[in-house]
Amino acid sequence: SEPKQGGILRMYHRDSPGNASIHEGATYSLNVPFMPVFNNLVIYKQDEAQNTMDNIVPELAESWAWVNDNKTLTFKLRQGVKWHDGKPFTSADVKCTFDMLMGKSQQKFRQNPRKAWYEQVNDVATNGDFEVSFNLKRPQPSLLALLASGYTPVYPCHVSPGDMRTHPIGTGPFKFVEFRANESIKLTRNTDYWRKGRPYLDGIEFTIIPNRSTAILAFVAGNFDMTFPTEVSIPLLKDVKSQAPNAICEVEPNNVSTNIIVNSSAPPFDNIDIRKAMALALDRKAFISIMFEGQGDVGGTMLPPPNGLWGMPKEMLQTIPGYGPDVNANREEAKKLMQKAGYGPEKHLAVKVSTRNIPVYRDPAVILIDQLKSIYIDGELDVVETANWFPKIARKDYMLGLNLTGNAVDDPDQSFYENYSCGSERNYTNYCNKEIEKLFDVQSQETDIAKRKKLVWDIDKKLQEDVARPIIFHARTGTCWQPYVKGVTVMTNSSYNGYRYEDVWMDK
Amino acid sequence: MFAYLVRRLLLMLVTLFGISVVIFFLLRIVPGNIVDILFAAAGYVDPADKVDLEKQLGIDQPLVVQYLHWIGGLLHGDLGYSYVSEKPALQEILPRIPITARLAGLALLFSASIGIPLGVISAVKQGSRIDYALRVVSLSGLSLPSFWLGLLVLTASVAMFGQMPIFNANPRSFGEAFATYCIPAMVVGFRSSALTMRITRSSMLEVLRQDYIRTARAKGASDAAVNYHHALKNAILPVITVIGIEAAFLIGGLIVTETVFNIPGVARFLVEAIRWRDYPIVQNLVMFIAVVVVFANFTVDMLYAVFDPRIRYTD
Amino acid sequence: MSKMLLEVTDLRKHYPVRAGVLRRQVGTVHSVDGVSFSLGAGETLGLVGESGCGKSTVARSVLRLVEPTSGQIRLDGEDITHLSKTALRPHRRSMQIVFQDPFASLNPRMTAGDIVGEPIAVHGLATGQALEARVAQLFEQVGLRPDQMRNFPHQFSGGQRQRICIARALALEPRLIVCDEPVSALDVSIQAQVINLLIDLQKQHGFSYLFIAHDLAVVAHISHRVAVMYLGRIVEIAGKDELFRNPRHPYTQALLASVPIANPLAKKLAPLVDGDVPSPVNPPRGCAFHTRCRFAMERCRTERPVLKGNEHQVACLLNEGTGRGQ
Amino acid sequence: MAAIDFDVELRRAGAHATGGWRRMLFMAQRHVLGAAGLIIMTLFVLTAVFADFIARYDPLTVDAARALARPSWAHWMGTDSFGRDVFSRIIHGARISLAVGIGSTALGGTIGVFVGLTSGYLSGWVDLIFQRVSDILQALPLLVLALIMTAALGPSLPNVILAIAIPLIPTVSRVTRANTLALREQPFVEAAKSIGMSEVRIALRHVLPNTLAPLIVLATAQLGSTILTEASLSFLGLGIPEPYPSWGRMLSESAAEYVRTAPWLVIFPGIAISLAVFGANLFGDALRDILDPRQRG
Amino acid sequence: MADRSDLVLDVKNLKTVFFTNSGLFKAVDDLSFTVKRGETLAIVGESGCGKSVTALSLMRLVPDPPGRIVDGSVLLEGTDLLALNETEMRKIRGNRISMIFQEPMTSLNPVIRIGDQIIEAVRLHRNLSSREAKDIAVEMLRLVRIPEPARRAKEYPHQLSGGMRQRAMIAMALACRPALLIADEPTTALDVTIQAQILALILDLQKELGTGLVLITHDLGVVAQAAQRVIVMYAGRKVEEAGVEALFAAPRHPYTRGLMASIPAVPAPGVAAPARLNEIPGTVPSLVRLPKGCAFAPRCPLAVKRCEAEYPPLTDWGGGHLAACWRAADVAEVA
């Protein structure tokens, strides 16, 4: 049926975000409520489930072009767009935004977690009010993918970063109304939106409910039109289905990998044999069956196909130690390695497995510890409060850590550089392999997708074989909404990019 | 009396000062600060940024300076700014207080209005079936984890009415007000009503053994007059104390209940603030709670004097 | 009065009444307000007076269980008023106390044997077998069976408990025993047993007793000399016979007249005084008794009488300080 | 006048129950609820002590194949999502919960008694300071204090015990202090003083034993509430961490996801907690009746 | 016991027991006595012999459990109190029969004003406005010689001294002009000088109102001064009853005699050294394990075989002097 205008979409929010500034955060708790306030230069098509290069569409840019041997990316900007406070949008705003992201401007973000995305950008230049160019040090086709992420909104020049944290101003389909920490976030329709006829909704209201059972109960009871995206675990999904059979639920990968960070700079895991043995001991199927009742994916660094664009094919994956189907055989091999390292049935290796005090971290850690028992490793869980987690990891004050890595964009550049390049802030394991790093650059510059894929697979395989940061699984989670909610698309290879909500409408 | 009041107030100030020291330094002992958390949320840290941020928030200064700064501000009514929301702490705390206050008030009311009469009945009928039944019920009230009770209530409400009481700051109807405040208050109050009942019972039993009860009987007073006029008047004193102490414990119960019922009151806010190491919020909130508790105790003492003519704080 | 065992001179014990913001002292309970007396070896001094007049406070002060505000306590000529706790310890052996309430005087969680043996153990006078033997001997001395040593206080009757208390007091072979109303809580027929026991023990060992009671007849029975207290002061002190034959203070006379005589043919009771005892916080100025005294003169309201006389001392302004004759 | 069966009345009053066992049996009859509480407590303690023998499975062994099994002969209380046997976890959980309950009560109690005794005995400055400190501790709500403590120390068994124990101190010390002050006035304490006994010895030998009865009553009541506090801390994410199967965490975590789909995960830990707390309170109540001399009929 | 119509109280074979966990306490065993209008009957005996329980039994206030009146009758002005139901009894309590308790400190409700406590007693039984009741209350306070009665009526018990509290108790007990007043050790907790005042007051008022008085005490001195007739109790039983002069002149029961001898008297002049008192050896027996025969036998210097085997019946030795002793005849001789 035809989309209808009107209605306020009521959604619960899982957690109170610290502030309202998307650029200063690294959690989709920020993207979901505040993406609707903004526009990007370009954006992944919001009604397509899979983020691909082909699905990128213009937003504040009307068009883009790669010029100068693919070293310059030029955008023609949309005219007549107004910020929510009425000021006109121009190229200066774009320049301001990216200068700030690159740390080049006077004003500073309190935190700037994605600075590394613009490593290859020399500068951003304006050409009149409605054209900007990104000048690169070397070709980087995937820059466009990064710009299309929900993490890359354009900020207004005339609003300070501090104000953006408390009262964001954007050009997007919804205007920010209020944000009451731990309570609610309210958005209202931007009647002046440049895209005529959008959004359909009169507004969006998020009620912050950190307690999951309360939230789900409220959804089931009809207090909400939609759950927080990708927050419904598999067991809860069953619960929802049984209580509200009409609700529509989708379970999709969210491109978050659960992995083990290994401190290879200190004993015992400085010993590659022990690292390898550990990798061999993993029974990934068991993790997936326990955590997702089977609905999860085994893969390497990159999200596996078909949802992921860059993941290794299955056959290739199975050649990596530890990925073979015969778990017992793997573990026999692992035991040998352990014995080589001096451990055995009489002499167990005591290991601390550190992780955050959140079920999605803790639960796989419990399984991990159980699995390590089979190869003479006695794991002890070391639960760390969020506040102390990062400093602890940064201090290298751990042996094994169980970690979750979310990928904002299904693109190797984002994953590889961030997590595996020497000296990267988020390379928690300090894995540093100059040869592989060279390969990162090679694949990054490759414009031929097929060739790039090959390169990426090889890199991914090597990373797994080095046991830098063994990937256990890629999770899947559910999103549910009431049957009258239409136009929701749950993206299948990212959970950061699909929340513009301008196409969502309610049939009631 | 006046001298007593002044003395009490002075002691209260000493206590509050002590609390401010304890809470301030306790929080600083807790490893991790807001900067760590912010960067943990961002998943990265640039040491220079970190230093900048610490400077900006003033947490690089010596603790004593920070403490004096806080207290100095407090005395001028300036509670500082929340590290997280960057809004004035007062502005964050103030709107949440009435919500929790209403909940707490209702819970106490519920606790007293159920607990006291049942306690009297149970004491008067000591050893009877009613007594046993009431005691078992009240004990089960004390044995249920309050979050569990809250969840049960919510689940039952959804299962039976297909509706869940979701907090609404400005209830439009009585039903909504009931759902918003009364149900959670009853969940909290249930536990403390059990306590109130028990203490009323034992206090009544104690009083019923007193000589003056026998005197009242010897006058020919009826059971009702003996129990409610002569006994309860005396037995109520310890009950008041317990209800006063409950006021402090209530905060604990409210933390859990506000979480379960998703009520944006101060109790849950406090927990969030502790998680975020949002010192300005935590410090000021704890101080606020302490002031309430200290005043509750004070009120109890004053009530004592009202109910018991023997106590006339003359010194 | 050369060889006195106990000499108490101008003993005062004031308890502060505190009030106000700074808990400043706003008043004083004049529990004991200038008491002097002495007690010879083998002698019994009776101390009577109404409830709250400071008898127990005198007793406790003598034993240094409370610290006197001022005054002097000499035991065997040695001033013990200001001795430190350690210096006092050896003297503790010379003086012991028996309290009024035999129920509260015994630790309910100790056996009778342990209670009686404790002083001996504390002073390291005996251990093991010797200790046991000594306790058994003490039990026999106060008329208890040694096999009762293993029983707990609640298994004894009131009179027996008071015997345990006496045995405990005897354990250190003191020369002075302060008896603070030792028979007030006992049954009439048991009271006589305990008094007899005390008299017998005195005859055997030559103890001195400071014997406190509110019952004149009991005091009269056991004492050689009797002191009458009123509101923290001794108002009259004399040999027993003298005092009963010739009470000079109007208060003593009222006390004597108020004792109901167990003879229906005797003169009926006629209360000689009206009203209640004033509070020791604000004792009346002048003679403390003037508010109830039938013979109060103008002078009594302003002037405080002092104890006068030799053998028979009295603090009364009547008849030039000799009190009202019979 | 209605006929009165003296024998029946006497039996009811317990006159026939003389001597050790019969007396205890009578007490059990008179305080049925208390006896029930004692039995529950004893069972839990035995369970905790012999957990290794009673539990049929390792409480920590994960087994994907048997995840979320309903209660059956093989798994009396079913299994959780990790395929761990719920019965075994509850059995082992008794250790944790009782360790928390008894540990924190004992720790808080001991310190509280020490503080209360010293404070009541020394009075003066020490007393004044102790009292102010306990005022301060009392004005900080228990859960808030526990929250900050666990946040400070990290959630581990000893830390949780400590965090729960500290708020107990002021309560216990106040009761002890009040008792001490009352006992100090008792003639038997004065008698001890008069024989030249040292103050410390008097405090330990005469005062302490006589404050014990009310403290035991207080402790049994506190025992229950500490177990509940642990559950609440677990609910707020600050309780005993995995892999220890604490009842509180078992309940609070499965309550969120499995109330309807796998209710056995919620029901059994819930019952275990309530039963333990219930038992402790029942026993505490009866103890109070028995130990309180004024209650004796 | 000549004129029955003159009797206020006629107690027959009263038996009150306590069912306790250490056994059956026969606190009052087969007790009979009468009180005439305006007469004072004293009940003496040592602690625990059942005096208070007797009083409570008359008021039907024995705590149940553990206590129970199991036998006998209590006729107050002809009505058997033990046959009344609770509501009827309530109308009589505080009205026709009232009581003053042993402990003036604890027997008044600490949180209710003195005046109000008296007013309550009045209004429970008289259909009066609160104004009128208040006047009566103040009048009663004046009657018991409390200075400034109107002001005192507004005070709380703790503001009064012990003696005044006992006066207030008396005022409350007499507010409805009862036919019978029971005074259970009304002066034991007071000082001698105050005791003398209170006793004189009670006796005065009794004379004035013509009330029958049961005066319970263990002080033979008080008995001698106040009573017309005396009952001596030992271990729950009446062992002797006589007119006060007859009793003091020639006690017929060895216990009474022992009691009289063991009470220290203000000494006669001339006795220098303290003299031993006559003591009754042994201790009061527990009420649970009473000997089969005479309860006093184990302590009795005159005891013979028969005493241990058979309980002696109360026998009239002339002039209404009753005693329960096999050797009552010999007592006088020995004395």
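The chains carry the letters A, B, C, D and E, assigned in the order they are written, with residues numbered from 1 in each.
Keep this in mind: a contact is a pair of C-beta atoms (placed from the backbone, for glycine too) under 8 Å apart; a residue touches a chain by one contact, two chains touch by 3 or more.
Chains and their UniProt names: B, D = ABC transporter permease; C = Dipeptide ABC transporter ATP-binding protein; E = ABC transporter ATP-binding protein.
It should be emphasised that the depicted structure is a prediction, and the values quoted were computed from it without experimental measurement.
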item	value
Most distant chain from chain A, judged by the mean position of its C-alpha atoms	E
More contacts between chains, C-D or C-E	C-E
Interchain centroid distance [CA atoms averaged], chain B/chain D, Å	23
Separation of mean Cα positions, chain E and chain A [Å, integer]	92
Geometric centre distance via CA averages, chain D-chain A, whole Å	46
CA centroid of chain A to CA centroid of chain C, Å	89
Interface hub residues of chain B, defined as touching at least two other chains	31, 151, 155, 259, 275
Shared interface positions of chain A, touching two or more other chains	211, 213, 243, 385, 387-388
Sites on chain D at which at least two other chains make contact	151, 255, 259-260
Chain B-facing residues of chain A, complex	16, 18-19, 24-27, 108, 110-113, 115, 162, 165-166, 180-183, 207-211, 213-215, 217-218, 220-223, 243, 385-391, 394, 425-426
Complex interface listing, chain B residues touching chain D	11, 14-16, 18-19, 22-23, 26-27, 29-31, 132, 135-136, 139-140, 142-148, 151, 155, 198, 202, 205-206, 209, 248-249, 251-253, 255-256, 259, 270-271, 274-275, 286, 289-290, 293-294, 297
Touching residues on chain B, where the partner in the complex is chain E	210-212, 214-222, 225, 230, 233-234, 307-310
Residue numbers on chain B that touch chain A, as the complex places them	31-33, 36-46, 49, 52-53, 56, 82, 84-87, 92, 151, 154-155, 157-158, 162-164, 166, 259-262, 264, 268-269, 272, 275-277
Interface residues, chain D side, partner chain B - complex	33, 132-133, 135-136, 138-144, 147-148, 151-152, 224-225, 228-229, 231-232, 235-236, 248, 251-252, 255, 259-260, 270, 273-275, 277-278, 281-282, 285, 288, 294-295
